[in-house]
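Across the two complexes that follow, chain A remains constant while its partner is chain B and subsequently chain C.
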Partner chain A sequence: MLKIINLHAKVEGEKTEILKGINLEINQGEVHAIMGPNGSGKSTLAKVIAGHPAYEVTDGQILFNGEDILEMDPDERARMGMFLAFQYPVEVPGVSNSMLIRQAVNAVKKARGEEELDPLEFEDFIAEKLKLVEMDEKFLDRSVNAGFSGGEKKRNEILQLAAMNPKLSLLDETDSGLDIDALRIVSEGINSLRSEENAFLLVTHYQRILNYIKPDKVHVLMQGRIVRSGDSSLALELEDQGYDWLVTETHVNGEA
Partner chain B sequence: MTVNEENKKTHYLKELQLASSPVKTGVSVIEQARLKAADDLSIWDLPSLRDEDWKQFPLKPLVRKHFAPAPVNSGIAHSDIEHALITEAASARIVIVNGYFSPELSNVDKLPTGCYAGPVSKAPINVVDQVNNFYGKVAQYGRDAFTAFNTAVTHDPVIVFVKKGVALENPIHILHVTDASDASVYTAPRVFIYAERHSDSTVIEDFIGKGEHAYFTTSVSESVLEDESHILHVKMQRETAEAVHISRVASKLGRGSNFNSYMISNGAKMFRNEPLSLVDAENAHATIDGLVLVDQDQISDTHSTLDHLKPNCTSHQLHKVIANGRGKSVFNGKIFVRKDSQLIDAFQENRNLLLSKDANVFTKPQLEIFADDVKCSHGATIGQLSDEEVFYMQSRGITKSEAIQLLTYGYALEVIENIPVPSLREQLSYNVAAFTGASIEAKDIV
Partner chain C sequence: MSRLTEAEAVDQAASRKYKYGFKTNIEYEEFPRGLNEDIIREISKRKNEPEWMLEFRIKAFHHWLTMEEPDWPNVHYKKPDYDQIIYYSTPKEKPKKQSLDEVDPEILATYEKLGIPLHEQKMLQNVAVDAVFDSVSVATTFKKKLAEAGVIFCSISEAIQDHPELVKKYMGSVIPTNDNFFAALNSAVFSDGSFCFVPKGVKCPMELSTYFRINNQDSGQFERTLIIAEEGAQVSYLEGCTAPMFDTNQLHAAVVELVALDDADIKYSTVQNWYPGDENGVGGIYNFVTKRGICKGNNAKISWTQVETGSAITWKYPSVILKGDNSVGEFYSVALTNDYQQADTGTKMIHLGKNTRSTIISKGISAGRSQNSYRGLVKIGKKADGARNYSVCDSMLIGSECGAHTFPFIESSNNTASVEHEATTSKIGEDQIFYLQQRGLDEEEAISLIINGFCKEVFKELPMEFAVEATKLLSIKLEGSVG
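Showing the complex of A and B:
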């Protein structure tokens, strides 16, 4: 579903590369976790895949369902079935949550050649999704993320994810700042959305969320490179030992 | 500038005034003010671009044209104003056509006993007493030719009088219509609002036009608030694209009173708003928020004055602007805190959103504080939408242009959402959406 080949990227207008040759392949039905210390490039990777305009890809390819998406705008990628759950969801005063989500859902439906939802149909449609993230319907009438608590913002991201039903979901530190209840709700929401048809990429600093969502593969990103990949036991190793041993190891191997 | 042009300018408003034949009101203070203002017009000049307060508001488009007094018999029918009507104000609607009160289009049957809304010539004696006490004393504009012009040529001012202790359930809608279907005309509507103690009211002053010709509106509104009264005042300027609109909204606040004013402007070729709030007793609060939408060659000019004359008061001014095309917006917000006005909390913010390279914004907060124990915050920002916001929307499958429309709509709504009249909020939301090109459904309105 997603194939990343030798991806290099930097902040637009700056010299230092943040991603220095990423290779990654995610297949349908898989959940991958990207872990790594602060500043390793995890969030950058998620944003580059989604098409954030602040980054410039200097080399490599990103293939989504076999198509090279690097020249595509973020909204085209989204309409193709990609979704980014933000680490810091943006507040949009004056635009109601229901307005944003309905337009988002209809944009995707239109791209798929499906019938768009009118406001009444949307009401029924979204009611189901609200249950999934245990959100009250009054959140729909409020401005997007404005005045939401940290946990509410993250749940709202998962609500949007559920509504848009993407093929590939990129979750950028969705677990950070969540209390244990919110983490459970968010994780259960994601688990119930997992299927053989879609895939998830979880970017996370901590192993904690992986107690709830079991990944098929775990990758460790350090200094812009994937330094190790493994199954879910790798996450536990990192939890026990931190990242330092990997630094030493990569250094010994002369890869740093 | 040649001597000839200079002369022509000097006498411009005087010439217009000489052509007028204002309706006699029978109210002495108004008739006296009229005579004095007519004399003042012989002496007072129109401001020129050399005048600091007017240098961004060229009056040439005005003085190049001849405007005749708008005639009393106009063909304005119910169908011409239907789009602007406010459901909640169905039984408290005053329609002024070309400056004349229209009994056919107005409906003020259901006001509570002791309250009045209508022309001063028909007002009860106790109401006229307050007019005599305060008319022309709140709208203090010094040597200002436009206020003088309005005072001299206005017909039969609209009076709103809210009796002591009465909380009006429904808003009062004063709809000023100018008919420029047949010729270039001028109108000079005038409103006087008097709120007795402990009263609570919402008054909407609304300006629309009809026809393709240019027209010129000079409006003056005065509000007097007795102790602990509340007025929520909305001024909507949605004139036609050929209009020149110059307006003053003045208020004088009593002890513990509240004057909350929201000015929404998106019509006219060029317009100027001059809010003036005299916070003249303790524990009073004034809000003068504004929303300006300018596109093409529209010019908006706001010169506001918030005058804290007494201690222990608060004020709020959020002035938001969206400028597109070659639109130009000017903001000069004066806040005075007088020497003995301690413990004032004044907030001022001017935010400007530029949607095109050719749009222009000038902003000048002007705080003059003579007391030493006050809290006054002010800020002015000029910018575009943030990339992060646009990217957020795009990552939801919404195209960049749709994202910009939605975000602009949201930006404008921060002012609109304070207006406690649902059908008006709805109309304004559609206006804003039309301006930004955002597509909204009735359900989306906050």
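Showing the complex of A and C:
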């Protein structure tokens, strides 16, 4: 579903590369976790896949469903079925949550040639999704993320994810800043959305969320490269030993 | 690409941004350039005005001669050469028509193109329109239906002929002839405008609207609007304006006066889309307008809503004098500037009566290299016990070369009054747009959604069709400004 080949990227206008040759393949039905210390390039990777304009891809390819998406605008990628749950969801004052979600859902439906939802149909549709993240329908009338607590913002991201039903979901540190109850709600939400047709990429600093969402593969990103890949036991190893032992190991291998 | 197609392409691009920029080719009757007493006497004579009206004009003219063009607004421009302006310009043929069949078909076609059909069968549903073309009112629709309800809606020229006692009583009562430079000039040379009178206890059965169009390159437009709502009367009034694209500047110096007696309610909405000049700041309208209402009676209410998107320079402060006890003044404003536009706009709320209340919601959006200023005065008089004001002033910046400024003034002479002022400045950022794009909205939809949210409190005050129009207008104006 997603294939990344030798991806190099930097902040637009700057010299230093942040991603220095990433290779990654995610298939339908899989959940992958990207872990790594602060500043390793995890969030950058998620944003580059989604097409954030602040980054420039200097080399490599990203294929989504076999199509090269590097020239595509973020909205085109979104309408193809890619979703990014933001680490810091953005506030849009004056725009109600329901208005945004309905426009978003309809943008995708339109791209797929499906019938768009009118406001009444949308009400029924979204009621189901609200239950999933245990959110009150009052959230729909509030301005997008404005005045939301950290946990509410993250739940709102999962609500949007559930509504848009993407093929590939990129979750950028969705677990950070969540208390244990919110973490459970968010994780259960994500688990219930898993299917044989879609895939998830979890970007996370901690192993904690992986207790709830069991990944098929775990990758460790350090200094812009994937230095190690393994199954879910790798996450536990990291939890125990931290990242330092990998730093030493990569130095030994002469890769850093 | 050949020369011609290149020019066409530029033309198309320009007209997409300002689709009202076309000029109507008709013949004009014009007065010589410049201003003196003879010109004023000629305007008055041409309009067959009574002696008192002429005196009003002459008095104003003499005031004007002693006044200086104000330079305190936060705008910079080359002052107009008042000797080069044509003060009276009218489409040839006799000015007032008995029926629409007599109106120049070119002019009717112009209004049609602007989306304001004047033909009976095509007229806007439930909106009566007075169409002012350059200096002259060319048509007023739904007159009969309004007359049945007792509402007088006609051009100010007609009102001077048919209802002189009302005009004499109220004209200049809110904005005296010596109020300011541009109001004095307008009082001397105003050529036409709209008049509306809603008698005691009558709720006007439809929206009233004036549509102003400047067509002549060298003429100024000086219209005058007077609206009176008697005890318990209600009226909602809309104003729209456009002009062709010229590379010179045209002066628009209007005066609008509103009078609300006991329990009366006047709502005045404007969507101003005069030609703003091109992307290099060449051409465009100088919009120097004086608008003021007085809540003369107790429990009266006056509400101004404005969406200002056009003009090279805007200088405008729709205000309310809250004289009657418990009277209410409101000002809702969206001012958008792009390219080299400059706007200095806001309001004055003058609290004189007891328990008077005012609300000010101002939303400024600046893009390109434009400058956008909010200037407001909240004045609480000695006797205004329990007066309250609430002001919110929000600015949004798009790009890094524009400016937003706020100049709020508060003068309170009564310690039982309460005045609240809030102000914010935000930037429409790459991250906000990226977030919405990531949800499948294209860039234009994203910007439109953000702007819509920002302006929501003002848009909800506009009549439905105007709100939709205003939303679209803002998106078109901002096309290509972000990113």
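Keep in mind that, in the parts below, the second predicted complex is superposed on the first by the 256 of 256 C-alpha atoms of A that agree within 3 Å, B and C clash if a C-alpha of one lies under 4 Å from a C-alpha of the other, contacts with A are read in each partner's own complex, and residues count from 1 in each chain.
Criterion: a contact is a pair of C-beta atoms (placed from the backbone, for glycine too) under 8 Å apart; a residue touches a chain by one contact, two chains touch by 3 or more.
These numbers were taken from a predicted model, which means no experiment stands behind them.
Of the two partner chains, chain B and chain C are each touched by A:P74.
Legend: residue contacts after superposition of the two complexes on their common chain; A:S98 is shown touching chain B, with no touch to chain C.
With both structures placed on the common chain, the touch criterion links A:I180 to neither chain B nor chain C.
Looking at the shared chain after the overlay, A:F83 reaches both chain B and chain C. Within the superposed three-chain model, A:P119 lies in touch with chain B and out of touch with chain C [touch as defined at top].
Common to the chain B and chain C interfaces on chain A are residues 50-54, 73-75, 78-79, 83-84, 86, 89-90, 92-95, 99-100, 103-104, 107-108, 111, 143, 160, 164.
The touching residues of chain C, when paired with chain A in their complex, are 430-432, 434-443, 445-446, 449-450, 452-457, 483.
Interface of chain B with chain A (complex): residues 387-389, 391-400, 402-403, 406-407, 409-414, 417, 440-444, 446. Put simply, chain A touches chain C in their complex at residues 50-54, 73-75, 78-79, 83-84, 86, 89-90, 92-95, 99-100, 103-104, 107-108, 111, 143-144, 160, 164. By the touch criterion given at the top, residues 50-54, 73-75, 77-79, 83-84, 86, 89-90, 92-96, 98-104, 107-108, 111, 119, 141, 143, 160, 164 of chain A touch chain B in their complex.
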